[in-house]
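After the structure tokens below, expect a handful of questions from me.
The chains carry the letters A, B, C and D, assigned in the order they are written, with residues numbered from 1 in each.
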Amino acid sequence: MTRLVRRQGWVAGLLVLFVVLFVVTKLIQPGYGSGDFGSLVRAVLPYAFAVAAQTIVVIAGGIDLSVGAMMALTSVTAASMMDGASEEYALFVVPFVLAMGLVLGAVNGMLIVVTRVPDIVVTLATLFVLQGAALLVLSAPGGAVAEWLRATIVGTVPIPGLPEISAWIPKALVLLVVCLCIIWIPLKRSKLGLSIYAIGSSELAAFRSGVPVARTKIIAYALSGLFAAMGGLALTMSTGIGAPIPGPYLLASVAAVVLGGVALGGGKGGLLGPIVAVFVLRLVRTDLTLLAIDPNVTAIIEGAIMVAVVMFGAFITMRSRQS
Amino acid sequence: MSTTAIQPVPFGRRLKRFMADRPLIPLIILLVILVVVLQILRPGIVNERWLANTVKFAIPLAILAGCQTMTMLTGGIDLSVGTVATMSAFIMATQVVNHDPAVAILIALVPAVLIGLVNGIGVGVFRVHPLIMTLGTSLIGTGCLQVYQRTVIASGAKIPPFLAWLGTGLTYGVPNALLLFVPIAVLIVFTLNRTGFGRLLYAVGDNEGAARLSGVRYWQVITALYVISSVLAGITGLLYIGLIKAPSLSLAEPLVLPSVAAAVIGGTSIFGGRGGYTGTIIGALILTVLTTLLTILQMPEGARRILFGLIVLFVTAAYLRIIEDR
Amino acid sequence: MTTNPLLDATGVVKTYGAVVALRNASLSVLPGEVHALMGANGAGKSTLVKILTGAIRADAGHILIRGEARNVRSPADARRAGLLPVYQEPSLIPDLDVASNLRLTDTPVEPFRAWVRELGIPDLDIRDIARDIPLAVLRVLDLARALAVEPDVLLLDEMTAALPANLAEKVLEVVRRQGDSGRSVIFISHRFVEISALCDRATVLRDGETVGVVDIEPGVEERIVEMMLGARIEKTRVAARQASQAASPRDSRPRLGVANLRVGTKLNDVSFDLANGEVAGVVALEGQGQDELFAALAGSIRPSGGTIEVDGKPVKFAHPADAIRAGIAYVPGDRTEALTMQRSVRENIALPFSAALRNWGPINMAQERSRVVSAIERLQIDTRAQREVQRLSGGNQQKVTIARWIAAEAQTILCFDPTRGIDVGTKQEIYKLLRELADQGKSVLFYTSELEEVQRVCDRVIVIFGGRVVDVFPVELADEPALMRAAYGLPRGAKEDVGILADIHSSPVAKP
Amino acid sequence: EAKYTIGVSNTVQGNGWREEMICAIKAQALASGEITKLNIAHRNTDAAGQLEDIRNLISAKVNAIVVNPADPAGIKSALEEATKAGIVVVAVDQAVTEPLAYIISNNQEQYAYLGAKWLFQQMGGKGDVVYMRGAAGASADSDRDKGFKKALAEFPDVKVVHEVFTGWQQDQGKQQILDFIATGSPFNGIWTSGIDNVIVDALVESQTPLVPVVGADNAGFVGQLNSVEGLVGAAVTNPGSIGGAGVTLALQILNGKKPAEQTVLVEPQLWENATEEGKAKLKSVADPSLSPEWPVSISIPEWTTYTKDQIIACKGPGE
């Protein structure tokens, strides 16, 4: 029990924080309802995939500066492929783009393994490469998206007889949960998942325990690429276009990873924490808008929240270590 | 049983070992190669004027990369340098309208010291990861700057002539900025190699526990470090505004990632405990020359970026290969 | 004998830049034997083990497993070939719990549990995170994990070095039986007792070269030492310390006074004095509170009660810096805790000079150099690979941790198992050094897991059991049986038999 | 009589033009006296982020939204939701594809065309031009590119000798032009996408013969056109105060005065210093007290009613 609290305490704290923020939102804007919650989830979508992409490599002891650029590239690729194409063609585009993310992620991993240059530098270099590639695909925002794809994140999942509840289950949320779980849960239970934690915790010890370090690292980056590609698709699905300039997803993903209780340095944490952290951060944004806070002050508030939460976490660990 | 005779070491290996012991040499060779490529692509470009320009633009980058080098030695990173430099530049340019330049510069360095102090305390006392800590303070700093700029919209902005002289001027073809940079570089190199504080940076980054057992107080070292880093960033901002002469709210932000890259290309480990400043200076020069190279090449912007990424990766990998004697 | 060797390595070469770790090493292990690999610090034992198990690549050499040349490129390959190592450093993944560590290596859980119990740890929770487990237990878990897959060849690199006597006994017991059941063990240790109790043959390395293979029989120790040390032999002969040599403390006022010291639940009520010019030994089984005692005296953790006096003045340490200012230096048993591995020997030794705020300025290089060099000479540190401490062998690293405080002229040195993993020659040097320090009027508190060292070095013995001082006696009375009894919390003069396999958890409680 | 809440969404922060736009919105809201509260979402983000901001504004139940779109098509879905909820949507600076939204915009294509055409005429219809664009992949940049190419097509003897993206960053622009100057390649004119005063600086510093330069109506550049000896150039207006006009339009619609057309284009003007007439105009619009990154056209006649003091104070209702 105490072990569970110790390991999941941070995530639980974040969930509580989210609920508190939700109540606060309701107080600020009594009309805040299921539709607005749907908007929140749709806003969360690209961030959540970006943060999942980041989480997996951070757990593996790396960092991926190219997530934002990867999302941009996959997004413009999807949008330009679907531009003027038939609705059915999208059935081919989606797997193609996902595979592209997987492969490009694996290339990231291979470059790290082969060149032995630190992750942060390799992914900084691929950040430029992917950005460049995105500009070659589309030199300005454009492209299109299949209608059915767009519809997968609009509206709610109907549950017969329970309209009250189903109003609170946006399709975007279902899509998010399904996409994350389909990869994360089997991974977490497999030996591969353990290996990813192992190389993040101690590469030497992992190598000596017989973990194929290079292969595991490449797979971690490949999965990161896959999540980033989902993020790119989510961008295209919500905007209907592809934009070659990366959005603010890189820094946001790093911040959410840390807020979610994943140690930069690797080996610790899970996916749930960072995802909840994303929800919290997006809801803070909503509240700032609802409160009509001076926009120049919002940057200060967001920065301060980030620093304060992380300091608080550091403070707790310090206290618990002393006792 | 006969011991295997010591065979003569092949030339290739000897050369490699020689380079490994003097990591600056391969780095300088890489730099020269880039310059030669540039000269081949655009014959005549490598002239006195170009050299002066390159040095002028490399200097601010090199000083910020110095901040990264020092923080990276302790296993940290300082992502707030861009914001700090921008803040001090912007504040100086707007304050100098109503104050003496010396006073304006002092006012401009106050936020630098404050941000450094907050970073240092966050990292050193509360043990927040430096990446997050400096990211957070740079967000806060940017926000504060936004608020500040609203109060001075009407006051206009000025660049004190001596900063412009320092930033853009040449004396006998040599950039005046070197007057500022050479002492700073000497000071950083000296600090890292010949002072107790420098030793502690390496020690803390390598094994904090060991440093503690030797009586080192981590928070003191880290706080001092981040304050120094911030002040250097502030000074860079003043120099940069002298060079660019256009105060803007994102003036030095584009230098942040390159400053990290310059330190890494220069052989400083982001995991701490290993590296030095001389390599970083060459790293900054390499990046600056590379930027020129790509500006000069006429190709689509996308291809340009791809090439930039590939070359950075290649240079770093080649350099690591050379100095790693395995 | 006609049996073919299970493992046969010849002409193994490994160089690190200018440092030749292995020049021409060979090793041949027969089925069913426990084979000792011996050599002074830096002889290349660990390097050879790493090569055999695929953790590093050799530059040259032939390795045959059951007569076949197999390409062992990684520890995973080695496992498949039936070779399982326990390296000098723990290999459990720090952030995973024990159960996950087992899964990662495909280790069956039940046999593992059985081995762990057999090795003397009855109450292991396999959901504990490896990081939270003490070093000695981790080593045992590493061994149990290796045993559980029933390897053909088990390679144990200084397995017993970090273990307290009771756990070491169990390990020896178990390893012995491995040989009996037809499997082979390569056993590295600097302790001759263990070698003679356990091994059938020994391969001796010197400076990266195999200089001989001998059968272990009574009296062979002398020959092994000769082979190991070569020319160094003469300098290191130091007889066991005679009781009559014990220096009487010169100063009546104690240098260090500890009264009723308590730390959490581990250390309850410890009181003793340490005089100037005295070496006091601390003897305790694993986990009796000695770690906490040393940490509290070193300023690393805060005591929850009691007082510490230095030179008669009460002190409170909030940080190791405070202890250092009071002239108390701490040498941890685990050298990775004390060294900055990527830095030079010189910087490691000089580190305390720069620690205080007022010493952050320019360094007087000439002065520093002379002090560092004299400390290096005094401890005879092998500085061939001095640009990075991590390239030094384990024993030489250990010396650097002590040299630092010799250079800084600390008045009181707290040595926690300083001879862990050190060869005989170096051990003698360290004993001599500690005595010299005492003769210069310094004081030393010395914890050791090897009881025989007590007689050689200490003036007085402080025995700790269950977080309390259960006995203090002069070195004259400290023969091994007496120490062993005391360590188990038995009163002096008690006649109960303390078997080497006695279970500490059910052993009689100390009488106050 | 103040009764409306207006939401604002903008996706670039820290750039003089956008800051002026926000201040114009605030000043106009205050000057109109009809607005109780402004909800401003003003940060650096992409189209998806703008969708989020617009939806938050819908949640906040504003009466109208003034939006500077990150991309015309990318935010259609949120704008649709807004118009469905009965919120008046006014896009400024760029068009949007949502049919029910109103647009009051600077004509970016025309902006580039006007400046480029003037430049090519100054060059005598032939020679080499340096083309310093904005940010690669931004839609305003590609609109301007169309205008530039249109002008270029009219002058077959003009060649683009060097094309780079400044990313609308002063320091990059300066380094790029200095690098180009160092190559020694001759050039006869420079077209910039608003990173202009550093270009003039670079020419002066490196003692290169001055060539005609086209920029935007930023205070710094306008000052240079008036003061730098031998500089011939033109500033094309691209008023940031369009934001204020957006507020005015939104209020008109809320008050039932719908414009005849969905789209109202504010045509750019060109101020040059090649003629005496132009010089006088430039002298009259120059404003050295402004931040050099701010456009000098701080108001748009007929559309904005605030005073200069009000926009500089940058305070909205209730502040």
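Just so it is clear, a residue touches a chain if its C-beta (ideal position, glycine included) is under 8 Å from a C-beta of that chain, and two chains touch if they have at least 3 such contacts.
Nothing here was measured: the structure is a model prediction, and the numbers come from that model.
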> Does B-D or A-B have more contacting C-beta pairs?
Replying inline: A-B
> How many angstrom lie between the CA centroids of chain A and chain B, rounded to a whole number?
Replying inline: 31
> At what distance in angstrom does the C-alpha mean of chain C lie from that of chain B?
Replying inline: 43
>> Using Cα averages as centroids, what's the distance between chain C and chain D in whole Å?
In response: 72
> Among the residues of chain A, which ones contact at least 2 other chains?
Replying inline: 134-135, 139, 294, 296, 298-299
> In chain D, which residues are in touch with two or more of the other chains?
Replying inline: 13, 136
> For chain B, which residues are shared contacts with two or more other chains?
Replying inline: 142, 146, 150, 301-302
>> On the basis of the stated criterion, which chains touch which? Give every pair.
In response: A-B, A-C, A-D, B-C, B-D
> Tell me, which parts of chain D touch chain B in their complex?
Replying inline: 13-16, 19, 23, 136, 162-165, 167, 169-172, 174-176, 178-184, 197-198, 201, 205-206, 220, 288-294, 312, 314
> Contact residues on chain A for chain B in the complex?
Replying inline: 111, 115-118, 120-122, 124-137, 139, 251, 254-255, 258, 263-265, 294, 296-304, 306-307, 310-311, 314-315, 317-318
>> Touching residues of chain A toward chain C in the complex: what are they?
In response: 3, 191, 194-195, 197-198, 200-202, 204-212, 266-268
> Which bits of chain A are touching chain D when the two form their complex?
Replying inline: 29, 31-32, 36, 39, 42-43, 46, 134-135, 138-142, 150, 154, 235, 238-241, 243-248, 282, 285-286, 289-290, 292, 294-296, 298-299
> Taking the complex as given, what residues does chain B use to touch chain A?
Replying inline: 122, 126-129, 131-133, 135-144, 146-147, 150, 257, 260-261, 264-265, 269-271, 300-310, 312-313, 316-317, 320, 324
